[in-house]
Amino acid sequence: MDRVDRPYVGIPSFLRTPICADLSDLDADVAILGVPFDEGSPFLPGSRMGPRALREHSLRFSPRGVYDPETGNEYLAAELTGGLIADVGDVDIRPTNTEATFENITASVRAILERGAMPVVLGGDHSITYPIFRAFDRPVHVIQFDAHCDYGSFEHGLRYTNGHAFRHVAAMETALSLTQVGIRSLRNSKDQIDEIRADGNRVIPMGQFRSLGPSGIAELLPPGSPVYVSIDVDALDMSLVPGCVSAEPDGMSYPELRDSLRAIAERHEIIGFDFVEVNPPLDVGTGVTAYLGALVVIEFLGHICNQP
Amino acid sequence: MDRVDRPYVGIPSFLRTPICADLSDLDADVAILGVPFDEGSPFLPGSRMGPRALREHSLRFSPRGVYDPETGNEYLAAELTGGLIADVGDVDIRPTNTEATFENITASVRAILERGAMPVVLGGDHSITYPIFRAFDRPVHVIQFDAHCDYGSFEHGLRYTNGHAFRHVAAMETALSLTQVGIRSLRNSKDQIDEIRADGNRVIPMGQFRSLGPSGIAELLPPGSPVYVSIDVDALDMSLVPGCVSAEPDGMSYPELRDSLRAIAERHEIIGFDFVEVNPPLDVGTGVTAYLGALVVIEFLGHICNQP
Amino acid sequence: MDRVDRPYVGIPSFLRTPICADLSDLDADVAILGVPFDEGSPFLPGSRMGPRALREHSLRFSPRGVYDPETGNEYLAAELTGGLIADVGDVDIRPTNTEATFENITASVRAILERGAMPVVLGGDHSITYPIFRAFDRPVHVIQFDAHCDYGSFEHGLRYTNGHAFRHVAAMETALSLTQVGIRSLRNSKDQIDEIRADGNRVIPMGQFRSLGPSGIAELLPPGSPVYVSIDVDALDMSLVPGCVSAEPDGMSYPELRDSLRAIAERHEIIGFDFVEVNPPLDVGTGVTAYLGALVVIEFLGHICNQP
Amino acid sequence: MDRVDRPYVGIPSFLRTPICADLSDLDADVAILGVPFDEGSPFLPGSRMGPRALREHSLRFSPRGVYDPETGNEYLAAELTGGLIADVGDVDIRPTNTEATFENITASVRAILERGAMPVVLGGDHSITYPIFRAFDRPVHVIQFDAHCDYGSFEHGLRYTNGHAFRHVAAMETALSLTQVGIRSLRNSKDQIDEIRADGNRVIPMGQFRSLGPSGIAELLPPGSPVYVSIDVDALDMSLVPGCVSAEPDGMSYPELRDSLRAIAERHEIIGFDFVEVNPPLDVGTGVTAYLGALVVIEFLGHICNQP
Amino acid sequence: MDRVDRPYVGIPSFLRTPICADLSDLDADVAILGVPFDEGSPFLPGSRMGPRALREHSLRFSPRGVYDPETGNEYLAAELTGGLIADVGDVDIRPTNTEATFENITASVRAILERGAMPVVLGGDHSITYPIFRAFDRPVHVIQFDAHCDYGSFEHGLRYTNGHAFRHVAAMETALSLTQVGIRSLRNSKDQIDEIRADGNRVIPMGQFRSLGPSGIAELLPPGSPVYVSIDVDALDMSLVPGCVSAEPDGMSYPELRDSLRAIAERHEIIGFDFVEVNPPLDVGTGVTAYLGALVVIEFLGHICNQP
Amino acid sequence: MDRVDRPYVGIPSFLRTPICADLSDLDADVAILGVPFDEGSPFLPGSRMGPRALREHSLRFSPRGVYDPETGNEYLAAELTGGLIADVGDVDIRPTNTEATFENITASVRAILERGAMPVVLGGDHSITYPIFRAFDRPVHVIQFDAHCDYGSFEHGLRYTNGHAFRHVAAMETALSLTQVGIRSLRNSKDQIDEIRADGNRVIPMGQFRSLGPSGIAELLPPGSPVYVSIDVDALDMSLVPGCVSAEPDGMSYPELRDSLRAIAERHEIIGFDFVEVNPPLDVGTGVTAYLGALVVIEFLGHICNQP
């Protein structure tokens, strides 16, 4: 179509991909799914607006593929022009009824999987990884990029906040392993960290992350492993994510995160991923955090799709 | 103490009243209770910060009582200097576990009532009126100032949002009547309005409100009735509440709301009230909506306390 | 579909109406068209984000029709459930090439008219009324609700800003008359006002508007006249539109505007309308101005569709 | 000059009047003077940015005079095109040394008076009226439009905040009378109000203001009286001034304030005025409060200059 | 107590420590004192809201101690659970009377010292270090982390702004030495820098800071020296402190500041410290700068308390 | 003059230099020219307010010259105290008529050049470099610091947006070469990059920029070359420019940009430069991006003026 379609023009689907309103009609390799849920947030809410903002900022990229002038790599051209990526809209949220919402999340992801597509899930807060992950029925490894462990104990009647997701995930039979990368917040208790490790998971603080480097992270798993990746935007350094409530200093640079994701994509089989915790109503007016989020998703998806 | 205590100075309790950390120690006639809960909000969250903002703006009023230059009335001087009002802090919130949060709300209000104090509850979103109200065990009338009915049907697994509270309230045996004043939003369905009336409640749109006038509203109930009052800040006109997500045009002026509350206070026995739906993170930088909220609470409380 | 679809869920089309990506496929009675253009703004830009914000806030209304508890009227139920309203997306904008953008606007409106639908156009700034109006090829009356005349002379190389639109409109043969309602800004020059009147148009300041009343405004034209209506949100009082850069005091209350629109709808034949000048990036965080804008559009459309 | 000079273009002097950097060179009938001082503010500071914002928004009006389409009156054309109004910049502020700042304010106003010009002073907070007023050496009446009395007692070492200005003013021999119009805040103590009246001043709450009407206010003084006018933007209703920290509900509409100022200008001799308490950093992004402030200043100045 | 106490719940004292309203009752090893003073700020005010924001964000940390997953260190557990830290509220501020405010600051710090506690002071702007420091009566070294020297000459009647504090401090007999670390702004004059050095103080620009490293900084003083530390948040890089008006590029990373503070704590005897210049009303909506400030204070306090 | 002139005081010209309202009177070595144009912006507009914000933040620097405590260098003292720098205000903008605006830009720059002064141009968006550059009539090299190529093809009727400027520039005979430094966005197409290089220009991504280093960049041109420099603030890393809509991660640190500019100034003859793309209405409340922009301009200008 002979349109310029500047980013502020048009009803925003992710990268202007076709909207698939009914998952039973899905015919694509990749399905973009929004989960506008933030009831699990421990401080300021607002990440429920994340999927809309990520879609909106994704329109700043070409709907015909992207190109990295540094590396000369091209991404997503075939997938986008070939209609292999679809935007399946948002999971239906049931406020104050978290279990019902979580069932909807699981059902949506399952429907995507049943149609043979890879789910790319846009949050929302980090509580959603649990209901996403339980939709997978094959054993996979889980790699979590995050400043916080999100492995809270089930007490005080709390099980489903964004501080609990990975206790659920790690306990599932389908989780072959859990590797937490970028952990650095002083708001995780020692007990929690000890328990994660005692439960057989890896906690990789920033120092160890920097020693290992991107390929070192990828090499923690046997080559060709099936991997689910969960990316909390606060893995990135606080200076890059003014619109993330849980931002922490001494985090990853963008190249550190990007290259780690690339190394994982190149060495393993990615079966799905989520990206969470951008809070658009509290972001800077320019929306830089949402833009950076869209970039992370697009570039990681590009590396995944570029694998042979 | 010889302090100036400008509003930006000091740890904010409501009107600088003494903080009572343990409800079993409460010794006051009035207890200010915060309920920082916004998981029931249908669009943008943030009213969880309401109790803090209302406390902060309350410090702009004198902790030794207020005075109306128009009427010459004085309020709260004896209560404040005599220590008859206490700030009991906030109900403990259990995110994603609404039922547990609601139990905490009910328990806190009950504890206040058991100590013989009148609860003044600061929200939070309007879903909290249900767990507040069920703490009362005597039959009372309920008057709700609101642009919306909040009488949603229980479907899709939803029962506890801020759109459902008054279906619960009206159905309780302790609710002698429910009168909804200021209803005007086009977002209430006809079915809902019809059902409210069919269930024996009063719905008073703005036109009828203006015809009745403040005293007419008060006279809807037999003199001396015990009354619980629930005030959604969106009863006020949209122009006055930029920091309320659910603001609607053609609402009450401040004098209309104030005089209605005064008339009710003068004619009836107020057993408690709540004030809800100020959203501080999304308010104007000056915080005018939170200030107006503090004013509503203070002036209504003043009228209640001024009754013989 | 058994979805709750809270307003923050889903890819936003206006009132969740079906998206029609290709105007040649349009099959509806009403077409919602966005024009995200703000290059004609004389001070702070940003109204280009208006269509997105109006769509987003429209989701706060029921996609199955709305109901006014004051009047008991219902609106848009048949139209929405019957699929008679479509969202045709946004006109393609060509930044720095205003003439090309204007051609696109005219072509889009013309395509809507050719499909037999009534265009409802969401701005954007007020410069867009000229290219919208020139798409109509039958003679009609024009009623403009506005604080400003937008009848600037063509000098200094300027012809297409939001201060010039109605000089173009009034000069077209298809404009049977131009009636400007709500004019009050001190930023219009005497020369401009004099010229408007000398050119045979009506300028109705607020005092005269209040004397005439809603029906008086409608009665300025012969009954059953074909009418195009252009609504600048700044017709409303400054207190209601914090997110409008050109807000002016002493403007219309919401009922004054609503009832005028209703009277016009009831007495005349509306052939299309536009709604302009909401500036979402500069609005209050709650988005009250965008919400009010969606309400104006929905309620006016409801009155139009309710005519026999 | 053949320039369009849109409001966002150019270095902003008030109404694009000539900048007079050295008061000893002043040759004008009216001098616009900024006083960017907010150290006297009791809650949130920021009104120090008032003069800049008022200048910036003044550029939205024509530098060749303004016109009221309602009344047909023209204002300031001769004064602006004839160079009779000059912008003399800002008083030099000495932070933390209020007495030195106040001396500078007084000296600047005195210099304006010595050059035979009428000072129009843009605040800043309301504490500045005291040092402004003491620059006048002839006896005049003072009329203050304000929601608050600003007549605080000198205690706790406080004498110079925006809550003290009018105790100073009223006590000066040059103050023939003090009339406070619009008083309504519940944050003034009864003692303060009583003391103001006992000291021989007038306090006119909103009810009395509405009874008197604009001409009634003007008629409180003998015709032809010399009058200094001090305008706190919070005299206007809270709904109009989101960018004023001290906004109060139930205030004046814009026509009420405008017509009162006009009546005073028509009946008396205005020797100077100030306009204070707009807080630009905390205003809505559109700057509506600063715009309204510029409008008040321009329209009042227009009425003053239109007197024979 | 069996509470979850999410960060948005409850009246905020620093780290939920007990509030001590009367300093004569203080019984703790560490006293947190707020000084909400910003009248000394040279550009945009607002840091007066710093103490409230720092307290609020401190609630995001566990009130039972914190843990660093990188180092395995635990902090403050004994102090917090043992009640050894108290929040003594804010110094009473006297706006426009800086000397009176400064006397109050000095008196409050002195009272803390008299009760045997170490003061941890939360600003406010940097002018407060002078009145804080003069409360100490024993000779100590002073280390200042800052982008600016704050050593302005006393001229134009200015002595007490945030640009003057360290001229006062360095001149006091109790100041054994003054070491300024992180100096880099181009807004310090050469004369000022030369004078600081001529007066026997150390100025350490960023290059030298990086050469020395954290331990090098600590080793500038004899081991075991008594040290007062003053931390301006603008010592950190501009990218980390969007809510600091005086932010400068090329500043410290968080690890650089943290490790320097740790090295000083480990090698010397800290007798008190202050943390200043966070401006919450102008910060990003997420409050990242206030959070980072709370982290600096908590982690430094943790290192101090962990010393044998 | 014995004024303190804090940054918030006074009508802002750049660095408080004399305002030259008529270019035919210009008598200075350097002319600061604002171009408040943002109609070429592809996403969110607002950079039209850039010149005002840069002027305002420039007032935070001394109007008597600046000093770098790291290097001991002084800048601009002679130029500022000697009146060698003038602020010539803003180019007159013709909204919706880009060609007329561009003619004005070219005419203003030409007038500056004719008076023998070096133009320093403050944007606005990056589209302005084309009309600036065409005002020069001698052959020079062009160095562009930018994350994006801005070398869009002329299609869809677009030629003048901020994505097209350097296609125009590179094609002019006066452009001896074009060197683009810092290119890294994934939003540039491969075709565009290939075409730039095929046209004989240099594209230097961040990796190559870091390899070359500041002096390596300068050494790309023969020593003593005449050079025009165009600086897009998004050359800096995203973490430093929250108020830039087009911010990208993995950009330059401040020292990297500063030292590159310095090396170019020291090795070549700078004939003019522009600085663009700060968006003040969408920046953080503290205005850090505008401050950083002012710093870039001042420090680069200082290095230019310090050359023998």
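As written, the chain order gives the labels A, B, C, D, E and F, with residue 1 at the start of each chain.
In this section, a contact is a pair of C-beta atoms (placed from the backbone, for glycine too) under 8 Å apart; a residue touches a chain by one contact, two chains touch by 3 or more.
As the structure is a prediction and not an experimental result, all values here were calculated from the model.
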| item | value |
| --- | --- |
| Set of chains adjacent to chain B and to chain E | A, D |
| Type of chain B:chain C copy interface by residue overlap (half), same or different | different |
| Equivalent-chain rotation between chain F and chain A, CA atoms, steps of 5 degrees | 120 |
| Averaged-CA centre spacing for the pair chain F and chain C, given as whole angstrom | 40 |
| Chain centre separation (chain A, chain D; CA means) in Å | 55 |
| Chain centre separation (chain A, chain E; CA means) in Å | 37 |
| Chain F residues counted as touching two or more neighbouring chains | 3-4, 6, 8, 42, 44, 48-49, 94-95, 156, 158, 239, 242, 281-282, 284-285 |
| Chain pairs that touch, as defined at the top of this document | A-B, A-C, A-E, A-F, B-C, B-D, B-E, C-D, C-F, D-E, D-F, E-F |
| Chain E contact footprint on chain D (complex, rising order) | 38-42, 44-46, 48-49, 94-98, 100, 127, 156-161, 281-282 |
| Residue numbers on chain B that touch chain C, as the complex places them | 42-44, 149, 156, 158, 183-190, 193, 203, 205-207, 238-239, 242-245, 247, 249-250, 279, 281-284 |
| Contacting residues of chain D [partner chain C, same complex] | 2-4, 6-8, 60-62, 66-70, 72, 74-75, 237, 239-240, 242, 253-255, 284-288, 291-292, 295, 298-299 |
| Contact set on chain C toward chain A in their complex | 3-6, 8-13, 19, 34, 36, 48-49, 52, 55-56, 87, 89-95, 281, 285 |
